Each structure stands twice: as structure tokens, then as C-alpha cells.
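Please find the structures below.
One chain, chain A, links the two complexes that follow: it is found with chain B in the first and with chain C in the second.
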Partner chain A sequence: MFAKDWLAAPHEKIRFDVKLVMILAIVAFLLIFNVFPMCYLIFRAFVNESGFTLDAFKRIFTYPLNWNALYNTLVTAGLSMVFGVMIAFPLAWLVGRTDLYGRKFFRTLFVMTYMVPPYVGAMAWLRLLNPRVGTLNVWLSDLFNLSGNPFDIYSIGGLVWVLTTFYYPFAFITISRAMEKMDPSLEEASKVSGASPLKTVMTVTFPIMLPSIVAAALLVFVSAASCYGIPSIIGAPGRLDTVTTRIIDYVYVGSAEGLTDATTLAVALMAIANVVLYVSTCICGKRQYITVSGKSTRPSIVELGKWRLPMTIAVGLFAIVVVVIPFATVAMTSFTKNLGKPLSLANFTTHYWHILFTRKGILDTATNSLIAASVAATAGIVIACVMAWLLTRTKAKGRHIPDFLITVGSGTPSVVIALALIMTMSGRFGINIYNTLTIMIIAYMIKYLLMGMRTVVSAMSQIHPSLEEAALISGAQWHRSFKDITLPLIAPSVVAGWFLIFMPSFYELTMSTLLYSANTKTIGYELFTYQTYHSQQTASAIATGILLMVIMVNWLLNKLTKGQFSI
Partner chain B sequence: MASITLTDVTKSYGNVLIIHKFSEVFNNNEFVTLLGPSGCGKTTLLRMIAGFEKPTAGEIKIDNVVVSSPYHFVPPNRRGIGMVFQSYAVWPHMNVFDNVAYPLKIQRLSHMEIKRRVEKILESVHLSQYVKRLPSELSGGQQQRVALGRALVCNPRVLLLDEPLSNLDAKLRESMRFEIKEMQKQFGITVIYVTHDQSEAMAMSDKVVVFNKGVVQQIGSPMHIYNHPANQFVADFIGRINFIPGVASAGKIEFSGSQFMEYSGDKRGPVVVAVRPENITISEERGVLHGRLTQAYYMGDINDCRVDIACTCNHGDPALQVRVLTAGHTYGKIKTGSSLWLNFNEYLVFDHEEH
Partner chain C sequence: MLKKLISCFTALIIISYASASQAASKPKVTIYTSMYEDIIDAMTDVLHKKFPKYDVEFFYGGTGTLQAKIAAERDTKKLGCDMLMLADPSYALELKAEGLLHAYLSKEAENIALEYDREGYWYPVRNLNMILAYNPENCKKEDLPQSFKDFASNATMKGACSMPNPLTAGTALVAISALKDKYGYEYFDLLAQNRVMVESGSVALTKLETGECKEIMILEESVLKKREEESSSLEVIYPLDGPIGVPSPIMTIKDGWSAHNNAKICEELTDWFLSPEGQSYIVKGWMHSVLKNPPSIPYDSIPTAEIIKKAMPVNWANCLKERSELRTNFEERVKNKR
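Then we have the complex of A and B:
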């Protein structure tokens, strides 16, 4: 039908079909910068000068190191996915649907973790659970009189722990968003039928949520599997390799063979991600329940009764362990003179904060990141708004094509996106944006567009079309109606969506590691270099700075939008 | 104050025909109701008049100006129409005043003029004391009035109402009926009203258009449609009615159970006798049909009775039940289970239709 419309156009009066042009523009962007590079990557993995070959695969998998990396990736990502969802679902329910004390505070706290670079968690837990001198380790062994230190962060377990505590917010956001949209009468019907609150959750809420839970699990898996910062900070000392760290090692080798090997491993990683994607769509393929009711009903609140206080304490403890302790550790590290000694007045310094605000390298990289992330977020949110309009307000043919491509793009491991862009955008095919900020902006958009888009789409789908029709019938033209009615109603979500693209782009590490040049280093990469090679304190100061920025922005927007801003 | 002329208006989505060749003229100041079961196409027709849907074929004129045809299409914002939506569509981020003032702001009227006209209209929809309230602080009925005020504030030529009362409780619904009707008289506008509730249609309309599956069944005044339904569907949809199958021959209609009634019409073969419950009287001595009283409910003003006829027929055949309404004060005069006679004061005979 798509093609037929296109062909039929010359016969009629030539119509300027805005919808079609928009769809084509977005599809063209995604085809050039997403689909084509991926296809080329796959092509290169199988084809060399002498034609089709599996040599690269054979070479890659003769190294036990690579098998090990593959095993580590699958195990850590798989376990993080399971634990992440197991944490996120009850948490989303408790925070979103019950009368837990301080729900709003907890929600902000958990969502904020999403806005913080995951490798900050690795930095913190490295300090806390170092097998010899980890603060928490020493404290626990003193407390319980243990012969040795109980935890070792340089292990698979340690990796899973950090990955889980920093990637569960992805699942938390996805699940709680779906939970807030659910028609409360579905649960009420179960209660009226005599089911207890727990039984209701297990027999009604959980099954209805299943598609979003699967989506959340997928998101955690792909994020954890393609994470570079955490395994490289924790894994390097413990000699734990993952596919991502191996790929980046291969790229750093610099030779043509190294690049081929990296490509081949990347294709293997992509294959894993695609298998997960395929399985998840099989599970929830026919299970797209319509749970959004036309009227904007407030989800009913479950009263926890005697469980209210114990549950609040449990959630509070979780927040302390997972959010407060690591963040406080990083903040404290940034003020510590000698890392070997505990923080005291004698060991206190603001030297590293001074560095943060004066060293040119840090300021320049921060500016680069600010520019790249702002442009990516702004361009991304414009696409998100157009997509939201196309998906919820029109029946334009082919509107699901860009939607699908955006989803696939986000599901692709960061390292694969970056590698594919390097291979295709360095002039070989007429576009040379290698070593520029543009290539990073494009990479960020492909990776993080989905979160922003989902936020705007969900806000838009909750606005009944009749609200806009009422403006039209009142005499407003469609752009006036958009400005007066639609925009004010979705504005908080648009702002939220902007930040959901901006923040991860701002501190992005994996793709930046591959795409940076001398003039386009990003703050994430700078921080990572300080952490690994120079000074943990400076890295901590940068991380704390990012943390403060997140808190400030959140607070400011909450004030500006009168509490409507929420992510 | 406008007439609406529809000529062969057709709407289809792919192969699904929603409205088939609808032609009719709605006159100045007429209160027209589009009535039919859900999915019959009445809302689609309303939305085509508003301009939210483009007809697949046909022409729509408002005051003899073409607003929709295959060659010409006037968007909703330039049709000068007021509309009340089923979900009210009151904007949640604007207070009552801003909601109602919106159409005037679009017309760039002066602040003074806007204030004057909004206040006037809020008075007539009884919302003067809620000017500063947000929609979330209003009840369903009040939100409904905001929507009505907004639709009326710039003196539209035509007012469209899409099941505006279906979300209100029964009592409010009845009082709103009269208010809307009053409003129509006061403002002297053409109203097109969509509903599936036949009693709303009866109470308010000058003209009722009955739809079924996209096809007009009958157009006429409520009284005409009630008393002279064009077919079984209309007879069944408007009010309550009994359908008694029989076979017509010269001079009589024969029912199962070898009962028959006199018949002077010219229909022959399988027919259906349609008779409204209030048009049947019960007699203990003599009548057209013989039956047995099986149920009688006292409703105050009336008694709602069920009479089994054809009870002398073969065992195994389901007894045919007829609903009869009798005056309330006669309750208990005939015991349930006793046999009686039914007389038809008014009835219609339709050809038997295969459903």
C-alpha cells in the first residue's frame, strides 16, 4: 500500500503529504546511520578479499579467552537480567501502587540511578568491596570477627552485583510506566471476586504486565551485555573479560586484522542480542493487552495495612545499600587525600574539586559532552514527538517502520553501533564524519532515542483525541491546537524524554571510547581515564559533579513544572 | 441557524461500508437525532458533518455552502460549528473560564468582549460560581456544562452533540435533556444529536433518523416513528413491542396453536403481527387471542405482565410469550396462572423477515 500511494501521486493533483515526508525522512536517517552500517558490519564479518569465509570466526573462537569472554557476558548479563527484574517488579509495584511511606521520594531516588553513569557504581563498589582493603569488607570482618574479608568484587559475583544495582532502574522505569497506565478496574474486579491483594498481583497484575516485564528484561540484558565501563573497571584487575572489553581491545590493536576480529565478535554479540529479542517477541507476541483506558483514571492505591512500615523499612534499606552507600563513597573519595587511610580532617582535601573546575582537559571534554548530548537530545526529542504524533494520531501507512527501526537500534549493543559507524562513516561510502562530534551525536541518538520516544508516546496516548478535536471545532488550526492543547499536556513528558536522552548521552563511555578523537573526547572517557590510569579522586570528583548536576536538574525541573516533571 | 444538506454521503474503510448513500436535509432550528445501536454509523456521520472524517463519496452543504465534496473540503476549524463530545473533552489544564473562552480567543476578540460573552454563557449553563475551577474539581455534570458552554459561546450555526449524556447518571440525564432542549430554543440553532438511547431521542427531537448497519431505516417525527415504524427493526428499536408470527390469508391471520385473528389487509403468507404492550387489553370473557397469565410485576403506575399464548399447541413447542402493560390499579384482579383473552387495540402487520 505504501508503494501504491507513492505511485498513484502523479495522477492526482500532486499532494504534499506531510506524514509521508516525515516518515520517509526518519526512515532515511535510520537507514543511512543504523541499518546500512549494521548490514555492512555483518557483511565484513563473513567476507574478506577472497570472498565469503568463516576464517574470522574460526580465528576468534580458537582463543579460549574469547570463549571465556562470551561465557562471562552471557552469565553476568543473564543473572543481572533475572535479578534486575526480580528487584524492579516488586519495587515498581510498591512505589507505584501502594501506600508505602515516601513513595515519591523513593521513586525519584531509583529513577535518578538511571541518570547516573553505571561505571560510577563500579568505582564505588571497588572501594567498598576490594578483597584486601575494601571499606565495607574491613568493617564487616571487624564487626563479625571474620578471619578474612567476606566479599571479593573482582569476581563474576561482584560483576553481577554492580551490573544489577545499576541496571535495574532500566527495568524499574519500564515496568512502573506500564503499571501506571493499567486500568485499575481490572485489579478491582479481581478483589471483588475475593482475591487477596497478593493473589491479585500474581494472577492479574503480573500477567498483564508480562509484556512490559519481558521488554524490561530485554533492556537490562542488552545493557548489561554491552556495558563497557563496569567490566573494564572491575574485570581488568580480576582478569575477567567480556565480549565488549574484548572488542574494544581488538579495535585498540589498530591493525586490519584487529578490526576484522572486533567486527566478528561484534556480530556474535549482535546475534546474542537478536536471539534475546526474538525470544521475547515470541513470548509476548500475541499478548498485547489493551490496558489503557480512555479516561485518565488514577490507579487505585493498595493499602498495605500492617505491612506498611516493614515494607517501607525494606525499601529504605535497599535504597541505602544500592543508592546512598555507593554515591556517598564516591563523594567521600573525591575529598580524600590518601586513599589508603580513612577519611578524617587530616586526610581531607578539596584539591580534586579544584582540579575539576580548572583543568582544561576536564572542562573541554565536559563542553564536548554537553554539546553532543544537547544536540542528540534535542534532535531525538523532535523525532520522538513526530513519531508519537504519527503513532497515536494518524493511520499513516508505514508509520511502524521507523518505530521498529528505532527499537532495533536501541536493542543493539553500544559497541556494535560504534564499530559499525566507524566502518562505514570514515569516507568509504562518501560520508566522512569520523573524528567529529557528529558521529557521536548520531551514535547517541540511535542508542537512546527509544527511551525518549516511549515517554512521549505514552503521554500522547493518554490524551484523548477529542481534546484536540474540540480545539479544531473551536476554530483553531492544527498547529494552534498543538500549541494550546497538546503541547501543554505533554510538556512534562517531553522534558522528561529530553533528559532520558540527554543524561546517558552526556556521560556515555562505550561508544565514546571508540569514536573519540583528540578534539572530541567526552567527559565519560576523561573520567574513565582518570579512574583507570591517573587518579581515582579526580574521577570521583567528576562523578560527584555529574551526580550533583542530575540532582540539581531534577529539582529545578520539579520546581519549574510545579511537580509535574517526572520520569 | 443553518440548514444542512447531505447528498449521497458515503463512508467506507477499505471494504467495510460505514454509511451508504445518505441523503437528507436538516432544516433551520431543527433538533435532529441520529439514533441507532452502537456501530451503526451514526457517530461517523456526525464526524463527517463536523469535518473530522472525509466522506468517501457525496456532498455536504451547510447553508448551501459546500463544506465537503470530492473536490472541496473545509476543515473543522472553518465550519463554524459547535460540538459536545462524548468524553466532554474539557481541557484539563485550563479552568472553566479559559475552556469556554477558547473559541473567542481564536477569533481574537477583545478581552472585554470575551469576558462579557463567557460570563453570559456561563450563566445560562449555571456555572457562574465555578469560573476559576479546574475541570478536575468539577463533577461529570458540571464538566458536561462546560463543554456545552464552550460549544455555544461563539453562536455556532450548528451544534453537534455526540452521546453527550451517556456518561451521566439517570436523574441528571433526564434534567439535562430538558436543559439542552431549552438551550436549543433559546439560541435558535440547528442541533444534531447522536444517541443510542431511544427515550432521549423521543423526548428532544423534531426529527429522528434511525440507522442500522449504516443504512437509514426511517426518518420522521418521534410520534410518526413510534406509531408507524417502517419495518420490524424500527418497531423493535423504538419502544417496546411484541412480534407474533403467523400466516396471513384472505380475512384472517393464523397463529400456531390454531388460534387466529381477523385480518382485512392484503398481505399473504408468513407475516409478523407487531403490537405494543400498552395497546393490548386483557379480558376474562372474550378477545382475539387466548392465553395464560404467567407473570405480573407491579410497577406503580403500570403492571408489566407476561402472557403465554399458543399454550394449547403441541407439547415441546416453546410457548410464545406476549408482554402486556395494564393500568397499575388493576394489579391482582387476575391471578397468575389463570387463563384470559387478549384484545389488540392497534397493531401492525409486517412481512416475515429472515434474520
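Then we have the complex of A and C:
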């Protein structure tokens, strides 16, 4: 619809306009694989073989269970969003802008959480906080002599806890990036005028950061609302359904009616996500502070003074509870024979690690995921670079259309993307990529492109155009200047952006659950089946393996590029 | 340096992507199955030796998951598989009625102890049994329910019992169908009252080990596997109202619908799976054989004839007819009861 009036623009320049061709290519990709499937999904929710009908809607929304699920989704995603941002903002500030001890270490640690599958966290917390014999529960109740166990993970609170601890990194990454490119002169002014560091944060930093905070909040909300792994592991025993688990249940009922019901519910979920997206764009749109995208400056470091040690301890404690304990639990599980007994020499085994390296199913799926995620990340980052250039360096008409579509894509719940792709890309409209790796790559790109794009765009806006202008004046073509000036300068962000697309694609579960086929099963799905069907220990070994791989790649990148590149 | 690295890397991705989408040269058979990955691994090796000319590949998924997948694939008029070894026998009735199956009269059929399709559309290939299990390290056997009826109605089980999900597991669907026929839908309400946790096998077994659950409804093979492989002390209780036997079928998709149109090869495979040799691998995989003279019994189990004799009757036609109704009722009465 946007494209239409825009296409009516003058045509005389089209022949040589590389910008236009690139915009068109990206828009075409998004129209075919994102907009069209979504529209068809909405169409199918209202129209069946016998024509237009509201039957499915009536069926879905007169069913109290679905209202319950809707309520649970809104509450858990909403609370995770609030808590996630409340955690991410101070953390991003402490780690990015103060002289906290071990800032770099903490930064890597928090970003690391983004790099492991969230349902792995659910596994760990399940063991730690189940109401009858949870390890942490029992320990706490012994320590404080309580009559019962203090926590119940099978509750709304438990769900919010796990969702928050695994989705706040999305907000942390987004807010950190914005904070790093903030112009510090305003903060300095506040400081000079006698404001305390805390007052400066509240009256200067926070308001300037608001657009990024809103964007971060949105990301957490949509991720939490469309998550399948965590609610299916935590929610099932507590009888807590979310819209995503309901949709997957409807698909599993296996009938045609089940599929229609799933579609209809998916449309409802999409509507919620879009409303949230719209509201946040409204807030952000009104508040574009020039100071955020000004000249390249390195923000000053705030000295914490007497607060330095206590703050470091506080952040350290947070890291222990949220990162170290669950990951250590998972790692220990992978070596434990009998999960009912503590890990001891008699109860120790490397059997599951042996399985990890020898089982064909695991190796095959890991290869599939590696290929799919690499292609998605590489293609995604190319689009991200082009988009960054279009957005920050050109005034090309319509450059905000692909930007908008990419944002909508990421704001769409995963399960909706997958359903829509299945319905439209299995030959009905001339494209048949169902059961191939390609459909997965496209799904991953639509879902995760935004994180990569935002990273590159923010890096690009830090580089002053004068450098490129110098190249142009010296006679270089625009692509030469892009290759020789811009690319080397934004390279660290490009690598970081690549990983931000690669990692979630690598262990993706929700979409893969619906899109996999005999030859394209992914490691995320394999890990989930091991967790739920075959053996939790093997699942833990896979998860720990993924984490170790991430740590190694990060270390290697850091070493090879002398600290210039890291995740 | 960096540029070279990046270009090498990109080339690698493209090459591996291209090679991943290429097909193998040997005639191929893909089998959708709900058997454990360990068993699939063992079977793949054996089949590789037995049938070196063919490329036989298993694809694992829960029965419900695979049914949903097949439902989506049917839309494209071509399935992703050539054979099915799913748990739920009623699904064979459905596919036969819809004309998706290939008929073949196996020479091994006369040795089968259980009911099979006389026209050769499907044969039982492994005999699974839904039972109860407990952890003797945490509970005494005599304190626990000894029947499915008691499992749902005994108040001491409240919040400490678990069962598989009929939405994803075919055996669980068969189980709730049999239990519904015997005790009515009230049985579902009793389960809900006892706050049964609905989850998959590995999660439930872990809960039994840690003591979070006292007793669980589960497939016999899962417990036996754990006993043999991990010297686990978990034990089976064969319910007094009868273990629920699930004679899981093997069936071939007819050419045209199947992924590789190799029905002739599938016939050979069917014969092998039903032969004493094929059945011995089923038994090694902790499932009971379907033969009149079983090669052996699964590790630590009771004789196959005994478990068949004790089994709770299942009405397969009902199970098929009421599949959606059973799943929806279970959803409403058990899974989502607050």
C-alpha cells in the first residue's frame, strides 16, 4: 500500500539509480515473504471453503480457555517487559558508562545470555525452583528454617521470572548501543551545574534514552509474548497456557478445523503485537533527539566514587543468580547419571557428551542449523549494511519503507510467521519452498534482521560523513568509498550484528517446530526433543556445547583482532 | 587478512548450502517414526549393513507432531516420507480409509500374534505398553496406587503425579481412549482433581528421580531403558486394571504420494521388520515383539504373552472416530483446569 503511491514517483531516474534498485529489491523480498503471507493469514482466518465467515472467530473467542491464554500472555509479556527494562537500563548504564570493576567482563556475560536458547534456562529453573524438591527451594527453606518451600516456578510469577532473566539481554543490547553513542556534553552540563550522578541519570540520560528504551521494551514484549519453549516447559505443569502454546496445541489437534483455529488465534496475537508496535512508534516518532545521532564522540565515564565497590558487588550478585547458577546447573546436569542424586564421583558420567559428538541426528541437525543460520546472518547483514547506508547517508525516497517492514517483521510473533509461510510457500502460489532449508532461512531473516540492522545503523550514524565525502572528492565511486572507508570503520559492528542474527537463528525453536522436515531438522528442535522426550542430560550436554562454542568464538575473535572484535 | 577470511567463510557457506540441497544417488526410503533416537541409531546401523544398496533414513517426531506435519504435507499432494512407524494404530485405519497406503501381503504375517490388516495395508511392528512407574528410593510400592483408576482417584497423589500429553503422543491418546471407554469422561475430571502434570517422558522420569513426582503414567520402554542404561532404580507397576497395549503399526505410503516412490523397497523393509531378526532389535529397544514366538522379552520385563493377556481392551474404531473429541475434552477437562 505504501509502495503503491511511492511507485508513482517520477520514473526518469530509474535507469541508473542503484539506490532505487536496492530499495526495490529489499522491498520486493519483504513483500513476497513477509507482507503477503501475513495478509493471506488474515484472509484465511475469515474465509474458508464456503466463503466469508466469522465462525472461527466465534469459536475461538467464546472459549474461556483462550481468554485465559490471552490474559496470561499479556500479563507475563507485559511484566517481563517492565522488569526487563528496569534491569537492563541500570545495567547498561553501569556497564557502559561508569568505572564499574570488570565492566568488559560483565558486558560479555550479559550478552552471553542472548547467545543461549531461552528454554535451556527454563530447564535449569525447573530443577532449581520446583515447589516440591527444587534444589534452591530446599536450600533456602533449610537456611531460613521455613515451614514450606518459598518459590513455585509453576506460576505466573515463575514464568515472568524465567522470561525476564532470558529476554532482558535484548533490552540490554539495544540500550547499551544507544548509550555508547550518546553525546556526553549534556550530562557534563548537568554535572557542572552541581547535579549528583544519580540526578544526572534521571533528568538527562534517561529522557535522552527514552526512544531506545521504548524500542527495547517492545523487543522484550514481543519476544516474550511469542515465546514457545519457556511457557511449554514451565507452563504445562502449572496449567498456564499462553497464546503461543494454544496455537501449537491447535496445530497438534491435527484436523483442518484445528489449523483454522490456530490461524485465527495467530491473527489475534499479531494484532496485539502490531498495536504495541504502533503505540511505541508513536511515542518514539515524536521524540527524535538530535543529540543521539550527532557527531562521533566517546561518552565520558562516570566515576562511581564510594559506590564503585558496592555497585560491582550488586552487579556481580545479579550475574551469579541470573547467569552463573542456571548455566552451572545445566552444565552439571550433563555429567549426572541419576538426577535424583547429587553429582558425585559415583554419579558422574561423560556418556552424554559422548552422545553429543557421535550421534548422527545431533551432528546432522547442528550442520543444518549452522548452514541456515550462517546464510540468514550473512544475507541479513548485507541487507542491514545497505539499509544503514540508505538510512544514514541518503535521502532516497521510500528508504523508510523497508525499514518499517523489517520492524513489523521482527514485531510479528514467530509462530505467526511460520504458519503464514507454510500456507503461502507450499506451492499454492507458485513458490514451493516448504520442506527446504530456504524457508527456514527466510523465516529467520524476517524475525531477526532487526537486531542486526539496528546495530549497523547505530554504528554508521557515529561515523561522520566528511570521511566519505573526502573519498568522493578524491574521485572514488560511492561503492569504493563504502568499501574502503565506511566498511572498515563499521566492521566491528557488522561482526556483532552478524552474531545477533546468527545466534538466535542457530537455536531457534518456535518457527523450526513448524517448518522442519526430514532433511532440515534444526539443532534447536533436536535440543527441545531431547529435553522433553529422550534425555535431559543429553539436552544439557547440547546446550552446554552451544555455550562453549559461543565463548570460544568470542575469545577467538577477540584474540585474532586484538580486542577490536567481540560479541 | 580479514577480507580473505571473510571471503573464504562466505564461499564455505555457499558450498555447504549447495551441497546440503543435493540428493544422494542411492534409492532412498524415509521413515517417519516415534521410536527413541537411541533405537533409531541402532536400527540405522543394522539397516545400513542389511540393505547396503538402499539409503534408509529415519525421521523422529512425536506421533501428534508428525500427524500435524503430515496434515500440512498433504496439502502439497506429496508427503515427506515413504513409510510410517508411528505409535497410534488408529492412524493406520485413517490413512487406509483415505487411500494413502500401499497394500502388501507380507510372508511374515502368519507369525504375528496381534491383529493386522488382512489386505496388507498395515501390520503391528512393536508392542508398546502404557504402565505406571515409581521410585523405590522415595516411596514404598504398597503405599502407591496399583491401578489406573486409583492413580486418578487416590488423593495422596495430588500434585505428585504426571502423565504424557495425548496431543503430541499417540500412545497417550490410545491410553485416554481406553480409559474413557472403561471409566467415562469422569476419569479425566479425576485426573484434573489430582492435578496431574501433563508432560513428556523425559521430564516425567526426571521428576520421578528427584522425588517431585511419586508415581507417573508412562510407557514401559522408557523405564526399562533407564534401568538398563543408567542402572536406574525406577520400577514398573503393571496396573491391576491392565496395562494399555498399543500395537504400533508399520505402513507404506503408496507411490505417487510417497517421497521417493520406492514401494518395492519398502516391502523388503516390512518383511525384515516383521522377521525374527528385525523383531529382536525391537526387543533390544525395550519394546515387546509382535510375534507368536517372541525372540526374547525386553530387559527386566514380564513375558510378552502375559502382558498381552492382562491388557486393557482398546476400541480402535472409537479411538479414530473420537480423536479430536478426546483431545479437545482432555484439553478442557485436564490440561486447562485451574
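Assume the second predicted complex is superposed on the first by the 538 of 567 C-alpha atoms of A that agree within 3 Å, B and C clash if a C-alpha of one lies under 4 Å from a C-alpha of the other, contacts with A are read in each partner's own complex, and residues count from 1 in each chain.
By definition in this document, contacts are C-beta pairs under 8 Å (C-beta built on N, C-alpha and C of every residue); 3 or more make two chains touch, one makes a residue touch a chain.
Just so you know, these numbers come straight off a predicted model, no measurement behind them.
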Practice problem: Would you sort A:T350 into first (chain B), second (chain C), both or neither based on which partner it touches? | Solution: neither
Using the touch definition from the top, say if A:R480 reaches chain B (first), chain C (second), both or neither. first
Exercise for review: Please indicate which partner A:A470 is in contact with in the superposed arrangement: first for chain B, second for chain C, both, or neither.
Suggested key: first
Larger residue footprint on chain A, choosing between chain B and chain C, goes to C
Ask   = Just chain B (first), just chain C (second), both, or neither: which does A:T394 touch?
value = neither
- So, does A:K337 touch the first partner chain B, the second partner chain C, both, or neither? second
Task: Examine A:L489 and indicate which partner it touches, taking first as chain B and second as chain C; both and neither are also allowed.
output: first
Residues on chain A touched by both chain B and chain C none
In their shared complex, chain A is touched by residues of chain B numbered 50-52, 75-83, 85-87, 89-93, 102-103, 106-107, 147, 150-151, 154, 160
In the complex, chain C touches chain A at residues 2, 10, 13, 16-17, 20-21, 30, 32, 36-38, 40-41, 44, 57, 59-62, 64-65, 67-69, 71-73, 75-76, 80-81, 135, 137-138, 159-160, 162, 165, 167-168, 197-203, 206-212, 230, 232, 259, 323-324, 327-328, 331-332, 335-338
Listed in rising order, the residues of chain A that touch chain C in the complex are 65, 68, 127, 130, 132-133, 233, 236-237, 239, 241, 249, 251-259, 337-340, 359-361, 367-368, 371, 374-375, 378, 422, 426-428, 432, 434-437, 491, 513, 517-519, 521, 529-536, 539, 561
Given the complex, residues on chain A that touch chain B span 294-296, 464, 466-467, 469-478, 480, 484-485, 488-489
